[in-house]
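One structure below.
Letters are used for the chains, namely A, B and C, taken in the order the chains are written, and counting of residues starts over at 1 for each.
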Amino acid sequence: MRERIRGWHVVLAGLVVVLAAPAAAVSKASQLPTKIGAGEGALSVVEWAGYTDPSFAKQFEKQTGCVIKRKDAGSSNEMFNLIHGGGGGGGGQYDLVSASGDASLRLIYAGDVQPVNIKLIPSWKDFLPAFKSPPHNTVKGVHYGVSLQWGPNTLIYNTAKVKPAPKSWSAIYDPKYKGKITVPNNPIQIADAALYLQKTKPALGIKDPYELTKPQFDAAVALLKQQKKLLLRYWLYPADDIKDFKTGDAIIGATWPYQTLQLQAAKVPVKEIIPKEGVTGWADTWMLTKRAPHPNCAYKWMAYASTPPVQARQALVFGETPVNPKACPYMDKLQKGSCAGYHLNAPASYAKSIRFWKTPVKTCGWGGRNDCMDQQAWNNAWASITG
Amino acid sequence: MTSRGARIGFGIWTMLVIAFLWIPLVIIGLYAFNASPIQSWPIENWSTHWFHVAWNDPFLRSSFRLSVEIALAATAIALVLGTMASFAIHRFSFFGRESFSLLLLLPIALPGIITGMALNSFFSFAGVQFSFWTIVVGHATFCVVVVYNNVIARLRRTSPSLLEASMDLGADGWQTFRFVTWPLLSTALVAGGLLAFALSFDEVIVTTFTAGAQTTLPIFILDNLRQGQQLPIVNVVAFVIILLTIIPVWASQRLSSFDDSPAVGRAAAVTAQTE
Amino acid sequence: MAVDVGRETGPLRGARLSLSGAFWRRPWLRLLVLLLVPAAAFVAVYAASLGAMLASSFWTTDSFTAEIVHTWTLDQYRTIFNLDDPTYLRIAARTIGMAVAVTVTDAILAFPLAFFMAKIAGPRTRSFLFVMILLPLWSSYLVRIYSWTTILSSSGPLNWMLNGLGLPDANLAFTNKGMWIVFTYVWLPFMVLPVYAALERIPGSLLEASYDLGGRGLRTFRSVILPLALPGLAAGSIFTFSLTLGDYITPLLVGGPGSSLIGNIVSEQSASNLTFAAAYAMVPVAVMVLYIALVKRLGAFEAL
């Protein structure tokens, strides 16, 4: 037996609505700090794996008291999502992000990062000229971050199972290794395919692997769709890639130097090469989010990570090249010949040979065209390749 | 009733399905003792090293504590709101009743990612800082539904004339609640609350969308699965949780089965028919 | 244990009596108090945020800055239902197909188990089985899925066992079939519980009567047990369906190339292309709304 209720009573009940009072985060006035204050005791970063490796981060934590909380990202899209989501500006939870060139400008124009005062970074004046104020983190003379390290995407193979040793990217498109190839799960991989086609199909007229007109783009996508049938899987995080090579499920693929170093340390017989068609790569910047809850610790880290000994150690953990040439002797002390091995002694020509990641936009930098494919087109195409 | 062959057949099927349910848990238990951070088979070196690492990891402790706190808060809210809603819907008929009961179904019927994304946009738009309470709100949506379902199922099986009889015999609202309603509902609330707690404690999809700087246990586990250097501690965590929850689950099972005993059910059915 | 409620006296009891009386005489007041907070909470927060998400599916997002452009357009839906490039349709079809397959498999696995628990097992066995089914729900869902990665891997325990029996490798790692097994595994308890509840409610006398009237096992199953268990199956299927439609963790951990589900696309795009993610998220919403309408006819709601 139920009791009848008048309609208007229900409406009355529904009208009394309790809304949580918006506790909007007060945005600090955007003026550059003139000195680094006391540490806040914590630091929250979005990073590439190994960028706050305890081998060099533990000393920082002891010196400054800033305990590091890390979130590893697998792609620039993921980094952008983490910083842009939750209301933007890092969502009030992340302080620093080690953005590569294809995410840094997006973060700047989306208003998620704040300018940094490079005068507070003592090592900045020693940086390689190309990385002091590069266009991917400096806009109209305003620095939005501190350059960090740079490096290539490489081809890795299991020396015991892949013979003869490959010299070209064609190896990861080769049906010979069907079911044992891994490549990154990252839309920017389309640029790798474009780079390969630039050399193998010059008729397409590809000038820049990130600025592709529709026919060039479609050719790259078609190549990747072919490759999909040969893949073991697309890896999103280095740990997945490492696991596949360690168990022997994967024997060849596209990777970051970090995985190669980790696998070699685990005594897996792998080697990496820079194939003859060239490589894509990344130049990373520590960027400070707009709503960083621990800006002082963030500045302390950026300053710390730019000093030569830390630059050297990070370079050898990840397998990349520092932006501070004073790190050279430190690198050689830790590992003989590594300074030359990572080309820090002759960086200019090496940097020229790497096609650094950058965000695809409609405006092609060549030929005054406006019909290149933009980021959303790349994302959609990647979904059609992998999905 | 059923033939002997059928009984044996069902029994074997049951054993196979239970084995299927438990094989991964056994694997988790084995790998909790795996020395290597890489989960390859067969296990080469055994070690309890990761138990020490897990025990001493400050992030693990804080995320475990946070998950417990969130689950308790969400369950508490769910117990109150779910019971209130089930009483309202069961005992009254009013304009919008069907729609409201349908709305109460949505958090379970719609995938968690929808709830998560919708709440995320809503909080961002309203300028609400993501915090402990935004996570609790996200969890409360499905916890309320779980409690609501349990309570309303119990209410449907009990006769409302019991409450009227109590009032007729001179009890006021509070006494009726204390002596009649509460004993009838208590085990449904325990069962619903326990299930709500379990769902909230292990929830990851809605949490990633509604969490700020907070790391709950499932988020901690997901991060560790990605980073890979400390991977075995997630096996340790899962293994320990299984061990820890054996007693509460078994206890709650005994509680609710007592109440679902034929005597109670028959009595309720008889009273319902005589209405 | 009888309680003589009339024995208690004092001003507090008097106040409670008059309050109870006031509430009793005005049922709408009781409803107001009972309904107010849940209604406010759900309507304000939940329904409003769903509505906002629906609205945003008709806007666009800037490709570079991820800023939302508030111009009304069907562009997002055009991208999804694009027949020239049916990627998103393909992914949606894969997701729905997976949900159906998982629901069917879970129903098949759960039914005999639930029947055994409800009708054949003794109370001790039943309690034990309950514990065995509920405990996995408490253990971390992420870790259980990850353990399947190990089990299914090419050098994992499954192949090790198969090879030991002289059978070839299963090749389930990073495939859709592997995902199907994992989904079936993870959602199984959610199917068992409602089916058990429905079967438990069938009085034994009904089954006896059916046998007395000459119905053999299969006939009884078809005409008596199945129709009465249907609401339980329908309720369980709501869980398996909706959980599969929105999951992105399993494809991430267990899937390979060509394993993306709707959940993956939505979670990847949720920050950088919110409008598209919202539009694509409407697909599982639409599917579930249709499914619930269908299942309502089968009486699932009584069995939840």
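By our rule, contacts are C-beta pairs under 8 Å (C-beta built on N, C-alpha and C of every residue); 3 or more make two chains touch, one makes a residue touch a chain.
All values derive from a computational prediction rather than experimental measurement.
Asks: Chain adjacency by touch: line, ring, star, complete or other shape?
Replies: Shape of the chain contacts: complete, all pairs touching.
Asks: Quick check: more C-beta contact pairs in A-C or B-C?
Replies: Answer by contact count: B-C.
Asks: Could you please state the distance in Å, as a whole number, between where the Cα atoms of chain A are centred and where those of chain B are centred?
Replies: 38
Asks: Could you put a whole-Å number on the gap between the CA centroids of chain A and chain C?
Replies: Using C-alpha averages as centres, the distance is 36 Å.
Asks: As a quick test, compute the distance in whole Å between the mean CA positions of chain B and chain C.
Replies: Whole-Å distance between the two chain centres: 13.
Asks: Hey, what residues on chain B touch two or more of the other chains?
Replies: In chain B, residues 39-40, 92, 94, 120, 225 touch at least two other chains, as defined above.
Asks: Where in chain C do residues touch two or more of the other chains?
Replies: Answer for chain C, listing residues that touch two or more other chains: 27, 31, 35, 37, 39, 41, 43, 153, 155, 270.
Asks: So which stretches of chain A touch two or more other chains?
Replies: 3-6, 9-10, 14, 19, 85, 236, 247
Asks: Within their complex, state which residues of chain C touch chain B.
Replies: Interface residues on chain C, with respect to chain B: 3, 5-6, 8, 13, 16-17, 19-20, 23-24, 27, 30-31, 34-35, 37-39, 41-43, 45-50, 52-53, 56, 109-110, 112-113, 115-117, 119-121, 123, 126-127, 129-144, 146-151, 153, 155-157, 160, 185, 188-189, 197, 200, 204, 207-208, 211, 217, 238-239, 242-243, 245-249, 253, 263, 266-267, 270, 274, 277-278, 281, 284-285, 288, 292, 301-302, 304.
Asks: Under the definition above, what is the set of chain B residues touching chain A in their complex?
Replies: Going through chain B, the ones touching chain A are 38-40, 59, 90-96, 120, 123-124, 126-130, 133, 160-161, 212-213, 215, 223, 225-229, 231, 275.
Asks: Under the stated contact criterion, what part of chain B meets chain C in this complex?
Replies: Going by the criterion above, the answer is residues 1-3, 6-7, 9-11, 13-14, 17-18, 20-25, 27-28, 31, 39-42, 80-82, 84-85, 87-88, 92, 94, 100-115, 117-122, 125, 137, 140-141, 144, 149, 153, 156, 166-167, 169-176, 179, 198, 201-202, 204-205, 209, 217-218, 221-222, 225, 234-235, 237-238, 241-242, 245-246, 249-250, 253-254, 257, 260.
Asks: Where on chain C does chain A make contact in their complex?
Replies: Chain C residues touching chain A: 27-28, 31-32, 35-37, 39-41, 43-44, 61, 63-67, 79, 85, 87-88, 90-91, 153-155, 173-174, 252, 255-258, 260, 264-265, 268-273.
Asks: For the complex, which residues does chain A have touching chain C?
Replies: Chain A residues touching chain C: 3-6, 9-10, 12-14, 16-19, 77-78, 80-82, 84-85, 105-106, 109-111, 228, 231-234, 236, 247-249, 359, 361-362, 374-377, 379-380, 383-384, 386-387.
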